[in-house]
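One chain, subunit A, appears in both complexes that follow, with subunit B as partner in the first and subunit C in the second.
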Partner chain A sequence: MLLPKFEFHEPESIEKALALKKQLNSGARFLAGGTDLLVYLKKKIVSTDHVISLQRIDGLGEIQENESNLFIGACTTMAAISRHPAVLKRFCALKSGADNMGTHLIRNRATIGGNVCNASPAGDTLPALLVYDAVALVESPDGKREIPLTDFFKGPGKTDLKNDDILTGFRLPYPPDHSGAHYIQLGKRKSAEINVVNAASFLTCEPGTSNILSARIALGSVAPTPIRAPEAEAALMGRTAGDDTFNAAAETARFKDCSPIDDFRGSAAYRRAMVGVLTKRTLAEAFDQARA
Partner chain B sequence: MKKLIQMTINDRAYEVAVEPNKTLADLIRYDLGLTGTKKGCDTGDCGACTVILNGDPVNSCLVLAVQADNAVIETIEGLSTDDGLHPLQQAFVEKGAIQCGFCTPGMILSAKNLLDKNPAPTEAEIREGISGNLCRCTGYQKIFEAIESTRS
Partner chain C sequence: MKSYDVISTRANRIDTPDKATGKAVFVDDITLPGMLYGALLQSPHAHAKILSIDTSEAEKLPGVKAVITAKEAGQVKYGVSPARYDETVFAVDRVRYVGDEIAAVAATRLDIALEAVSRIQVEYEVLPAVFTVEDAVKDGAPQLHDEFKGNLCAEVHQEFGNVAEGLENSDIVITTEMKSKRQDGAFIEMQGCIAEYDNRGVLTLTSSTQVPHYVQRTVAMVLGMDVGKVRVKKPYVGAGFGIKAAANPMELACCMLARKTKKPVKMNFTREQVFMYGRARHRFHHTITTGAKKDGTLMALKHECWLDGGAYTSFGIATVYYTGSLLGGPYKLANMSYDGYRVYNNKPACGAQRGHGAVIARACFEQQLDMIAEKIGMDPLELRIKNMMETGDTTCNDLNMSSFGMAECIEAVRNGSDWDKKKGHMPPGKGIGMACGFFVSGAGYPIYRSDTFHGTVIVKLTEDGGTALVYTASAEIGQGSDTAFAMIAAEALGIPLENVRLASGDTDMGVDLGAYSSRQTLMTGHATKEAAENVRRQVLEVLAEQLNVAVEKMDIRNGFIEFDGDTPDFSTLRTRYIKEHRGWTDNPDSDKLTFKEASRIAFLERGSIVGTGKYKPHSLGGKFKGAAVGTSPAYGCSAQVAEVTVDMDTGQITIDKITDAHDCGKAINMTSVEGQMEGSISMGIGEAMHEEVIFDNQGRVLNDDLAEYKIVTTMDMPRVKTIVVESDEPNGPFGAKEVGEGAIMPTIPAILNAVYDAAGVRVYELPLTPERVFHAIQEYRERNKATA
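So, the complex of A and B:
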């Protein structure tokens, strides 16, 4: 399969990348790990005259531990996320998402910014980013802005980014004490599979009790974008954590929060049933961590 | 416009002018003649094009050659020495882990990367370590046994 002809640019700073993009306008596309873009170019799903690589820009591939949050650069690979000590210690659901993406070969190239910009409803890092309340950091020729990830996805492959925007990274607030989170992806096989349903949950409990202080649930592959499950979250707030509460939240997520479709990977009814199962299981695991 | 890039492949320095839309797999196979690197799908699914790029195995069909400027690359041709085959290559031969051989270079490079980073992998780690490489012939069991026989 041949790639179409294009010019290749490798700016060394965000400013230069933004200037290039503005100058070349919609004829140019940014390249991170290339595991989506190069496939789309080969299959002629997209076309472009100019490819602007973000790979040589300092800092875009870094993870920084700030006082109250973790910064993850947009060009950080899945492999780098998965082995970073701060991710292992505080963001295990994100580690699990990164570990389950594609194959180990893909994970050495694929970046978290690319996964988010690709905006697949089934994207493997997206539910975890949603439940950790991640904020996307964006730069454009007009300046910097921040987009909460809950506002970022606009449809399959569609995001809130404008043509001139570069996603520079994400800020994830550190979870408070007595919190836990878990991610599960369900596919037909373990490796290199597009999810049938994927889900993440996050819980914070009152110290010494099982009272739920905050709860966040995110679902993938059951709507045009990855989504939060507000009705199910409301069914958890202020309740006592346990099987009955989790079952009730799972039923709410299953019947009220999602809108799955039938396709060759699974029927809408099966997806709904699995939303229930994965919601319950991720909540139970998150709770085990929260009280540990 | 062609771009001049430099890279080290199997300890040998190369300087080549490449079109920006050429993949690393095509450069290695067609321009440099290192045809041990195979192309199966060209879309990241099969792992036949696996090479080790700056210490990490990747699908070379999803890397632009220009992105590998200044890179250090290992292909299957770099594994044997004057003393003979690499232990993994020898094990693949002895255990019957090769049938048509199309997946073998990628399999061996993924296995080598696994063992370099984790000399005593568990059964699950071995299977995970080659899960990016598809084989149509062997059913994987002999490949698994060959890798298992070389772990420390």
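So, the complex of A and C:
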């Protein structure tokens, strides 16, 4: 299996990248780490005559700590995310998503923008980005726009991006005090694993009590896209955190929020059952952090 | 106790520096002047008639040098066992699996060859296909081979003793089933080869193979060439695990392309083609009944197995016999029956893989031993001790255990794992389990019927003296055999390891059946030892003449000549040696006569000192049909204890620790023995936990890469405690026998028994995916609810 021939472009600014893309028409593909795109090209799932690398564009690979939020450039690698102090301090569920992805070699190349644009229902960073209320920042020849991540995914491999759009990065609001979040991926082996199911939860509690002020749950591999679990989240709002509450939310997520299918990685029945277990476990861990 | 200077140490492997620095040359590192690249056209259909093949468009493509199909290749049938030659290099009029080879192209560049392949027009008439054993044996099922009605590739029926009576006299009788999944060897280096055809009509094939000898014979037969004009050699090889233990169609096609174009041709499998070609472990479906007395004495074993064979026989005949013959031991068992069936279907052929035929049968049987132990309230370890065979015992199917440290292995894992403290006292969700096993140290007979020696070795001393060159046709495929033979030669000759140079893996160096059935250490080891001893004797004979000392009064150790009693005056010899080496900086001044001086003098007196060695086993086994399969000059044995944690909510299993004791006879290289033990465990864990080749309903492999075919990662590997038990095998060189395959035997059942201990569930199907274990736990809870 050989990589097919294509022209390779390395623009040094977003403007140049956008201009190139427009000039080359829809035939061109953006390349970040290439860990999805090159596989698709080799396997002839995707074909293209032009590949436009985003790697030389300044700022796309950066993480910036702003006043009230963290900016993560689209071309930031999993390895860089996983060791960034701000991520370690405030976004541990994202760190664990990045750590779970593939192998060391993959994590050194794979970017968060690529993971999001690839829009796999199983993508390892997606549940965490969803529960941290990330906003995707997009530039096109027509200007800049912002897409909340909850509106970003449209189907397996399908996103809200238009053909000319470049995803430049994400804005993640800093979680308030007394909050916590956790991510678990469940697979057949202990690493280099494509999940059977994954889940992330985020909780904020009223200071000094166990009252839940806000809750977000995201689930992967149990619907055509990674999803939030609105029914389960509603079941948590205003309740007192604890096993019973979490069990109830887990049951709701399991039976109301997800729509898994059978495939060669696992059956719908098992996935559904695991949504319950993972929801409960991520909530319990998030709560432990929130009251710590 | 004999004392050794070289063997039984932890010598550094002789290939390590090259491998660690990237200098080791594998097939894909080789480029030759004028080399062409070959590519295969493989069937997209699982079962189809070929109506026509049009290669004209491919031939027109600039850069294409040859296109061959069955028309050029001929229809010589080949395979592994002459009793079942059922393959041709290219499909003649029918394809039987997705991947069946139809044509091959050689071109100046690989992309051109691939493009040419895509331009070959084949007209197919798609035929109905079958993919499972169950469907293939049904009336009216599509038939794969006209000669084998009902898709039955092979069947075996054996009974030793009287099983019905044995079961009748049992107090406890247990019947269970066990189903496994098709494996892939997942070796790191995909198959690849380069063929050259020289002006004198000699064909040289350089291939990533375990068996240069068998490949040489197959190439000669299929290409209609004199064996003497075919040379097969292997460079460094990135493992094989059994899958590379026979000639493959790519090697044959490559040779044909080289002969046709008179240019070197290189071909490689992609990882996808490795999966498509298959030939790894079969999918087994066992039904076993075991009977025992209340005191734990095993009475009888009744065994039936169906093997999912795929489209061709490959190693299948051997597999279906091994599945039965290697089960009864390591326990004393007078009554055993076996009914085995290997069934064809439209998937890639299955073949041999580490622990050939025997792994899943053992996974079934060793669980039953635990069930029996539980029923009679006996420690499963004690039950095994009670029944275990001892040195000198022979199984009911005539396999003789000439050395057998089974008791030592069981005691070693009992102590090593702290079994007595842990068994029955593990917290909820945690469990401990054990199992035993045994395996051949080399098949007793070659794959083709022959009186051939199984291995020959040449040792030659360099004419300047001091260095021994060892030439063997055996196959170093990563297991460490080159180092083992260099060590054996050094020990037998009496010189340091660094003074031995070794070349291997080339049919020009002699006969060696290759790296399979855990045979090389014992068999090639014997031949190496004999060749080295021969050379040693020649050197000592010359010394005897020169110094007037009897040969028996001299010895060579660590590169020096040792004399019984007084050292004779050897100054004449030393002067003679030094005179020839004026100006050399390393002339000897030791009190002792050096091997270097002695071997130089031997050359001056006799010419080149060359010794040969050879080995073939003595006549082995019984007289019944199939008695040869399972015979071996020696058997390794092992016991393992697995400790696991089961997540009762998700079904995920974590293997916390494995304690493994293996009787390998005398350990030639302790570190390599431990490496084989750990490697076997890793492969066993993969098969137990997550490995499975999955097909879609068209017979295409769904998970043909190492992302979706899940071998063990370092994160899945538990702590492994290896305990090497050394017995003295009378039939082994320096007492050595196998460790390469026997060590995988107990792994799967030990894990299964530990999972039962942890979660209360017995799982009768592999792999133990979280989902399968979860459902088993759910059922168990339902059952307990119902009875509570």
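Basically, the second predicted complex is superposed on the first by the 292 of 292 C-alpha atoms of A that agree within 3 Å, B and C clash if a C-alpha of one lies under 4 Å from a C-alpha of the other, contacts with A are read in each partner's own complex, and residues count from 1 in each chain.
As a working rule, a contact is a pair of C-beta atoms (placed from the backbone, for glycine too) under 8 Å apart; a residue touches a chain by one contact, two chains touch by 3 or more.
Since the structure is predicted, the reported quantities are computational estimates derived from the model, not experimental observations.
Once chain A of one complex is fitted onto chain A of the other, the partner contacts of A:Phe264 are limited to subunit C, with no touch recorded for subunit B. Of the two partner chains, subunit B and subunit C are each touched by A:Met1. Of the two partner chains placed around the shared chain by superposition, subunit B and subunit C are both touched by A:Ala192.
Of the two partner chains placed by the overlay, only subunit B lies in contact with A:Ser53; subunit C stays clear of it. By the document's definition of touching, of the two partners only subunit C reaches A:Met274; subunit B does not. In the superposition on chain A, contact of A:Arg83 is made with neither subunit B nor subunit C.
Of the two partner chains, subunit B is the only one touched by A:Leu105; subunit C is not. Looking at the shared chain after the overlay, A:Lys44 reaches neither subunit B nor subunit C. With both structures placed on the common chain, the touch criterion links A:Lys22 to neither subunit B nor subunit C.
After superposition on the shared chain, subunit A has more residues touched by B, the comparison being subunit B against subunit C.
Common to the subunit B-facing and subunit C-facing surfaces of subunit A are residues 1-2, 103, 190-192.
By the touch rule above, subunit B contacts subunit A in their complex via residues 1, 3, 19-23, 42-45, 47, 50, 53, 56-59, 62-64, 66-67, 110, 128-129, 131-133.
Residue ranges of subunit C in contact with subunit A, taken from their complex: 110-111, 114, 270, 272, 649-650, 652, 654, 689-690, 694, 702-703, 707-708, 710, 712-716, 767, 769-771, 774-775. Every residue of subunit A that touches subunit C in the complex is listed here, in rising order: 1-2, 103, 186, 188-194, 196, 264, 266-267, 270, 273-274, 277. Of all the residues in subunit A, the ones that touch subunit B in their complex are 1-8, 10, 31, 33-35, 38-39, 42-43, 51, 53, 55, 79, 102-106, 108-109, 190-192.
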